[in-house]
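Below are two complexes that have subunit A in common, paired first with subunit B and then with subunit C.
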Partner chain A sequence: MSPTVTLKIVPNVSEEQILKIPEGATYESLLNILDINEETVLVLKDGEAVPLDGTVVSSNLEILYIASGG
Partner chain B sequence: MTAKLSDKQRSRYSKHLLLQDIGETGQQRLLSSKVLCIGAGGLGSPVIQYLAAAGIGEIGIVDDDRVEMSNLQRQVIHGGKPGLAKVISALEFVERLNPDVIVHAYDERISADNISMIDEYDMVVDCSDNFMTRYLVNDACVLHNKPLAHGSIFMFEGQVMTILPHVGPCYRCLFRDVPSKDVSCDEGVLGVLPGVIGVIQATEVIKHLLGIGETLVGRMVYYDALNMKFDEITVRRDPQCPMCGLHPEITSIDRRSYQD
Partner chain C sequence: MDDRIILIYILWNFYIVDVFEGTLVRTRCDKSYIGSCLLIYQGRLSMSIKCMKCNRDAIIYQKYSGMHLCRKHFIEDVERKVKLTIRQNFRIGKNETLVVALSGGKDSSVVLHILHKIFHQRRDLEIIAISIDEGICGYREHNIEHAKALAQELGVRHIIRSFRDEYGTTMDELAAKDRVYGTCSYCGVLRKSLLNKIAMELDGTKLVTGHNLDDEAQTILMNHLGGDVERMIRLAPPRALEGLVLRAKPLRNIPEKEVALYALLNNMLVEFERCPYSHEALRGEVRKMLNKFEVGHPGTKYSLIRGFDKMVGVLAKDYPQVTLSKCRVCGEACTGDLCQACNLLGRG
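Right, the complex of A and B next:
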């Protein structure tokens, strides 16, 4: 069954989205679907950073942009 | 052997001396510690201010910028100093705040050519404002086994973590490669934001030097000022990390890898 994820992208985009993800998709492919450069973000699953080659499962995901300002 | 505290120092640091976890021994340790602050801007200002107030014995400050009027909305140590080198402004600020502290001012940009200066210090604080410097500082700290307090800000949000090389994850365990596009304060930044993040960095430095409490090793604190939320992100060492993984690919600082 295709996993369903609740997705929040921070900063800038605060609204949560509920997405159905193709079965077997990786976090890397999810970022591709969302057109997000994987170099610039952390993917958090239930608050924990996950490797991008991991398989997406139903969960709360947060995509956190890396900050460089000082 | 560390010198005993003078009467003036006992008075200045009396609130530290009252804390069981610090006391006279801890204060002496702070007074004999050396910390390098890379950047004297938004994050560097509160870091320098509080580390100096706490009595860190020697503070190195590296920055090649001059104070601009637009800095003063958040860079609280540079008031009344437009045009002055930030490291000189910072040095003058510290001299006024705490004569116990020796400041080493480096009016230069940190680079592959001078990053070895971290060897002279017990801990490094990254208050820089661009990815290239952040990767350089991380990589050098891992190679030189130097503890690093990382902090960064963007608009209304900030990120802080402490890197203890080969013990916890490094910056490249989270973000493996330098992003091709930088994001900086050109986007605007809430003036008080670096105050919050910088003070957390300074707190981490003091805790690490004293060996007290739990530092942010393996944890990133993410601060959202608009919603006044602090989230904690668990981060783990990446066995594939090119810096501190099982088979490191980066084994020296090659200046060609750290050019804008």
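Right, the complex of A and C next:
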């Protein structure tokens, strides 16, 4: 069964959205689909950091942009 | 609820609950069904990726090193690299005063946290944090509050100075004026000058900044793109110069992403607000290009700074270190008779 995630992109990028992810997809491939460079974000699954080559499971996901300053 | 507790509950009651999808369906079933469910369950449990150094769940995959690391070993890895960088580039002797430029963002917070962790038992060392309020409304105030809280928590002396008090203007005012250069040029030059001035006043022996691997790799690439060899040499691990406090960048071997993760794990994660003027910087374009390269060719950022560190010794022979004089207006160390800060402010 393909996992369902509640996804939020912060800061100030998107409201919470519910996404159905293809079974076996990794966090890295999810970022690719969303056209987000993996060097610029942290991915938190239920508040905990995850390795990007891990498989996406049903959870609350937060994609956190890290760049600060300028 | 912990998965294992749910598993025990299942065995006890001969019920199977769909714990994986978070639904509440509970079905009474026979032993053979439970057996097959357990196999699936064990398979799913083993799906979490483990740390290469222990059996805990990994929180990061470092593509450039091929390592999966758990929280504990990731923190150890970062701190090990910082200690190595200090030992190789910015050796800290006895009775030093380390002046840390603390903006309150993730990088400077992490560098202060780690320096304090490494050196807080050294009674002969003093760590002082300094924050500069550039006067960027809606951006800097939050970071300064965070800087104050962190310094207080660590018991580190903290000094706050502002562009307004020092230069009689703010970045918001400078940004609104007709100007020759981008806002980041004004901000960078004025901040560096003020940081050095305060560090000199405090008899600082090192001026520590939170520049990370991404910052360094971007700067090297920008200097290459601009053909600016002299500026590139100034980036090299520092040498002592009269009038300038020695710069130290303990995070220069830590990728920005790992600095952010370290901050998150140590509850120092601040809101990653972007400076309202940062869109003017060429750095943004270089950052984008480098990040794309890093994904396609992991280790590119490290390669850039390693290659640079090797080249710089050779280059320095053709580009000897300039002698510094004092600015005729403010007295700060500079290469001409007027420093860049005074030049930008139209003084003299």
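The rule we apply is simple: the second predicted complex is superposed on the first by the 68 of 70 C-alpha atoms of A that agree within 3 Å, B and C clash if a C-alpha of one lies under 4 Å from a C-alpha of the other, contacts with A are read in each partner's own complex, and residues count from 1 in each chain.
Throughout what follows, contacts are C-beta pairs under 8 Å (C-beta built on N, C-alpha and C of every residue); 3 or more make two chains touch, one makes a residue touch a chain.
All values derive from a computational prediction rather than experimental measurement.
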Which partner reaches more residues of subunit A (counting touched residues only), subunit B or subunit C: C
First (subunit B), second (subunit C), both or neither touched by A:34: neither
Partner chain(s) touched by A:67 [first = subunit B, second = subunit C, both, neither]: both
Which of subunit B and subunit C A:1 touches, first, second, both or neither: second
Partner chain in contact with A:57 - subunit B first, subunit C second, else both or neither: second
Set of subunit A residues, in rising order, touched by both subunit B and subunit C: 11, 37, 39-40, 42, 48-49, 51, 64-70
Residue ranges of subunit A touching subunit B (in the complex, touch as defined): 10-12, 37, 39-40, 42, 44, 47-49, 51, 64-70
Subunit A-facing residues of subunit C, complex: 20-22, 47-49, 58-61, 68, 103, 105-107, 184, 214, 255-257, 260-261, 264-265, 270-275, 277-279, 281, 283-284, 287-288, 291-292, 294-295
In the complex, subunit B residues that touch subunit A: 39, 41-44, 126-131, 134, 151-159, 174-185, 187, 189, 194, 220, 222, 224, 231-236, 238
Residues on subunit A engaged by subunit C in the complex (per definition of touch): 1, 3, 11, 37-42, 48-55, 57-58, 64-70
